[in-house]
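Common to both upcoming complexes is subunit A, partnered first by subunit B, then by subunit C.
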Partner chain A sequence: MNWKILVAGIAICTPLVWVLATGFGHDPHAIPTVTLGSKASDFDLVDLSGQRVHLADLRGRPVVINFWATWCRPCVAEHAELQAAARTYQGRAVFLGILYGDDPALAREYLARVGSVYPTLVDPAQHTVVDYGVAGVPETFFLDGQGVIVHKVSGAVGAAELTAVLAELVR
Partner chain B sequence: MIPTLGRALLHLGLGAAAAGMIAGIFAGARRSEEAASWARTLTLASAGAFALATLLIEVALVRHDFSVAYVAEIGSASTPPLIAAVSLWSSLDGSMLFWAFILAVYAGIFALRSRGTEPARTGWALAVQLAVLLFFGLLVAGVSAPFDRVFPAPTDGPGPNPLLQNHALMAIHPPTLYLGYVGLAVPFAMAVAALATGRLDAAWTRSLRSWSLWVWAFLTLGILLGGWWSYEVLGWGGYWAWDPVENASLLPWLTFTAFLHSLIVAERRGRLAATSLVLVIISFLLTILGTFMTRSGVFNSVHSFTQSPIGPIFLGFLTLTLVGCVVLLAARVDALRIEIGPRPGSATLLSRDSAFLLTVLVLLAFAATVLLGTVYPLVNQAITGGQVSVGGPYYETMTIPLCAGLLGLMVLGPALPWRAATAAVTLRQLAPPLGVGLLVALWAWVEGLDRPWVLLTLALAAAILVVSGRELWQLVRARLAKGDPAWQAPFLGLAAAPRRTGAHIAHLGVVICAVAISFSSSFKHETELTLTPGASTVWQGYTLGFLRADKLVEPHRTSTRAHFAVFAGARDLGVLVPALNLYSRDARSIGTPAVLHRLAEDLYLSVVQVDAREVTVRAYLQPGVSWLWLGGLVAVLGSLVAALPPRRGAGRKEVSA
Partner chain C sequence: MNALPTVVLWLVLGCAPLWAQDESSSQLPAPAPSTALLDVPPAGPPVTDPAIAAQRAGAIADGLRCPVCQGLSAAASQAESAVAMRTRAQELVARGYSDAQVYDYFVSRYGEWILLEPPRHGRHWLVWLGPMLLLFIGALVVAWRMTANTKAPRGLCDPRSGSDPYERAVLDELDRS
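== the complex of A and B ==
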């Protein structure tokens, strides 16, 4: 028995197997959400048509905040689902878009073409992006009536998930 | 009917594999010819059963038989037959069956070719292959179970992953890569058999080398086609992203390439024989690690399948194989009788021996670098709980100097003699290639090329061409000296020494790839263009005119296509049609880029957004990409040439490269 090989082999393999084993139970695609379960950061912004929107004024109703951009393919793909949900829950929940790293002129032109039933806010300094810990677009945050972030979707949101979360929130 | 028959075939294949493994072990331990013969027969039976099971699931996929679990999972009535057929490897369960099938076929071919060889070694080699087959077979029959019956059978299914329906390369990239990846089990089994019997002789080494060259060719081709697929399908304008699963295929390629070089030293100089066996074993272990990476869902990758119970089972198998290999090496390596090559002699620092050893070490350092980058996110998560990703900058900073070192060794190795080189010989051998290399770099610099790494690559590439050309010319000249006619001499000369010829052809391929990679990564241009129908723009010397957008509706997808007329100056280069595809199963649009392949550079268009009123595309201009594919094919060709037996009657005993 060559003990040198045995010891060296085990010394190399043990940490490798250990590291691989620790990988189980973690979803490598998950992006940690520091804000989930906490009070949503307040903002006071102007939408594409110049109207002011202050989050604190919306207290009492659930709010859906969708970070998006015209250059983002999944954002374009989820647009119709969000519009449909906003129509369905009109009066019971508030929908807001926040433009992420995009030119407001492009967004205005795009929305004029495809239509939108809710405002998209412009955040020139992108403070909300930092406050909400947005890693990329689209990301959609669901706030309850008290302004607490109760759910977050990274990537395009589907109709089923929208309906399920909103049904729970407006109950 | 198909679920029942499929499971019966799997069980038959497993039973034959288990019995064959026992017969193989018996043949190995007792040197029994009869047991070896049984092992061969049972291997063939097992291969037949797995082949039939695979055929059966293909029938179910093409006929959209949704009572079969795998078809219900990834089939769809709207999927065209060809895509249905190749969706065998588009999801976890099917791909595991495909793994087992290829392994079974390899084992079957090995059994057929091993008739008349020594029973002990054949027995061990078959037993090892069948043990690996048993593991994959049990996974297919138990955990992943593609043949489970679905009752009541659904009337339709979701269809395969859109990304995998998007290009014809999906039909050939995975099978080719599997042929290389899974094929590594054969050299591995042969290395284990040599250790188990305590003997490595010339015949076994010859056979090992021939198998290895074929496997290396498939692995290389598979990696190349993977890069090509990524380039043609994913629409990001690149061919290599250092994704964990790309790395998983590169890792065994690096160590296996190191093995092919150390084997030459073993045969020519009687050294590094045990190292060669260790390198084969490491290569195989890396394929199991790579399969774990794809199948466990532990790594964040474009390829990864979702987390499943297969992950822990695979880790168990990997651990068992690791422990088994370490114990086998520790127990047997000192007892190994090496009967190849001359009695090991000494060599000086300045010799071909040292250059080969250095090549092996640099390739291993390369593999260690890639492995570290790949598992680092896991290490970090295990220790700090945080998430990091290791990207291009790490790999590029670390591997570019290693690549330059490898190119340098491709000049040095063939130029130096074995054993020892005097200063005079070294100077005489190296002066012409280095001189030519310097001139080429100087010329490129005068022409305005100022990136140091690209200049170095060009200089080394030119030097390698001189060295390899000189080596091949020697073979031809030997025939001319014998009086062969000039038109026959090249063929006769090269055919007499296929290994040396093949090695230098492979080097030529690598050189072409290296130059292509350095150009395409250093001189890439990209931009985003928005055009309305009828409008055109000039970019990097190309005139792009947006003709129109239209929709193409197919049963399984709807494509929105943008038609571009492309001109270079006044020359009409045709129409490029990048598209966005929407599949019935998925809400996301999947882009299909359009590429204008030209010898010098590729014009690559990928749609960002398109409708009747305007289109936004990302345009990339990349020099040298066509040369990358060409160089890869040349390397593969070199490997296959090297696997040819020397031509009989060519008049000269082959001197290996």
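== the complex of A and C ==
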């Protein structure tokens, strides 16, 4: 056996196997969430009915922030789940929607049709979108009473995940 | 003489990180660990000329990845999130934040993934130096093989170095005659 070739082969193949083993373990298009565990950026926005909402004023209660748009099918799909959770946790957690790249008039019309028990905020400059590291919609952030981001869901959030996270937050 | 190309290659590769360092000072800075940028003061005075702010924001967006169409820069993409990033960059530049601070801000929101060019620090050096290291190893292997080949033919062309005793005996006989 040629030991030199064997050692050289192992030396070349080991890093390749390591790269492949670690690379195949995750979606290369998945965007990392680096804001988990950090304080959520404050915002002071106006909702679709003209009411001002300042995040800092909500300290002491868990907050669920859902970035959404009327043109986004998963947002429409998760709407009922979010409304149901907001009704269940009314008084114990605050739910907020933030409109993402959409016309407020369309959002108003949509919500008038399907109903909503929590406000949707309008951010004309979309600064909040970048402050929260939002890549697309829907994305839902869960803040604890201290305003720290403790959980994030990219894509439509399911009832089971909503219940599990909120039960932990309001405990 | 054979060692000359190897020595030159050594010198070239040895200087590569220094050149890379020089380039980095004019391109993307090495981002600091996640910081809440908006809690720190701007590095300079506000930029009152919107054209200058837009130009700087455009240059910054050139170095940022569009989160939706990930092969494009935030400057080249028309996706909602890319537009939001450009707007945010321009707003921060106008407030007096330096380019490095704005990059830090985006890294603190999206992670180093948001930078189109891998930063030059820590394990990211592997991306920059890995290909050069492989090239260097390849050059060493080629140099080693060439050295081995220049020695080998002398022995192979000498029939007396062969292992065939009959052939050696015939050659010895011819020498004697």
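Assorted remarks:
We take it that the second predicted complex is superposed on the first by the 144 of 171 C-alpha atoms of A that agree within 3 Å, B and C clash if a C-alpha of one lies under 4 Å from a C-alpha of the other, contacts with A are read in each partner's own complex, and residues count from 1 in each chain.
To be clear about the criterion, a residue touches a chain if its C-beta (ideal position, glycine included) is under 8 Å from a C-beta of that chain, and two chains touch if they have at least 3 such contacts.
Because the structure is a prediction, the values reported are computed rather than measured.
Looking at the shared chain after the overlay, A:T35 reaches subunit C, while subunit B stays out of its contact range. Contacts of A:G101 after superposition: subunit C is touched, whereas subunit B is not reached.
Greater residue coverage of subunit A by touch, when subunit B is weighed against subunit C, goes to B.
Touch criterion met: A:P74 reaches subunit B, while subunit C stays clear of it. In the superposed model, A:W18 makes contact with subunit B only, not with subunit C. Of the two partner chains placed around the shared chain by superposition, subunit B is the only one that A:W3 touches, whereas subunit C remains out of contact.
In the overlay built on the shared chain, the residue A:V134 is in contact with subunit C alone; subunit B does not reach it. Residue contacts after overlaying the shared chain place A:A164 against neither subunit B nor subunit C. The contact surfaces that subunit B and subunit C form on subunit A in the two complexes overlap at residues 29, 32. For subunit A in complex with subunit B, the residues that touch the partner chain are 1-3, 5-6, 9-10, 13, 16-24, 26-29, 32, 70-71, 73-74, 76-78, 81, 113, 156, 158. Subunit C makes touch with subunit A in their complex at residues 34, 36, 38, 67-68, 70, 80-81, 83-85, 87-88, 91, 106-111, 113. Of all residues in subunit B, those touching subunit A in their complex are 289, 292, 296-301, 304, 307, 311-312, 315, 318-319, 322-323, 325-327, 329-331, 333-334, 375, 377-379, 381-382, 387, 580, 587-589, 591, 608-609, 611, 613, 616. Against subunit C, the residues of subunit A that register as touching in their complex are 29, 31-35, 38-39, 41, 100-101, 125-127, 129-136.
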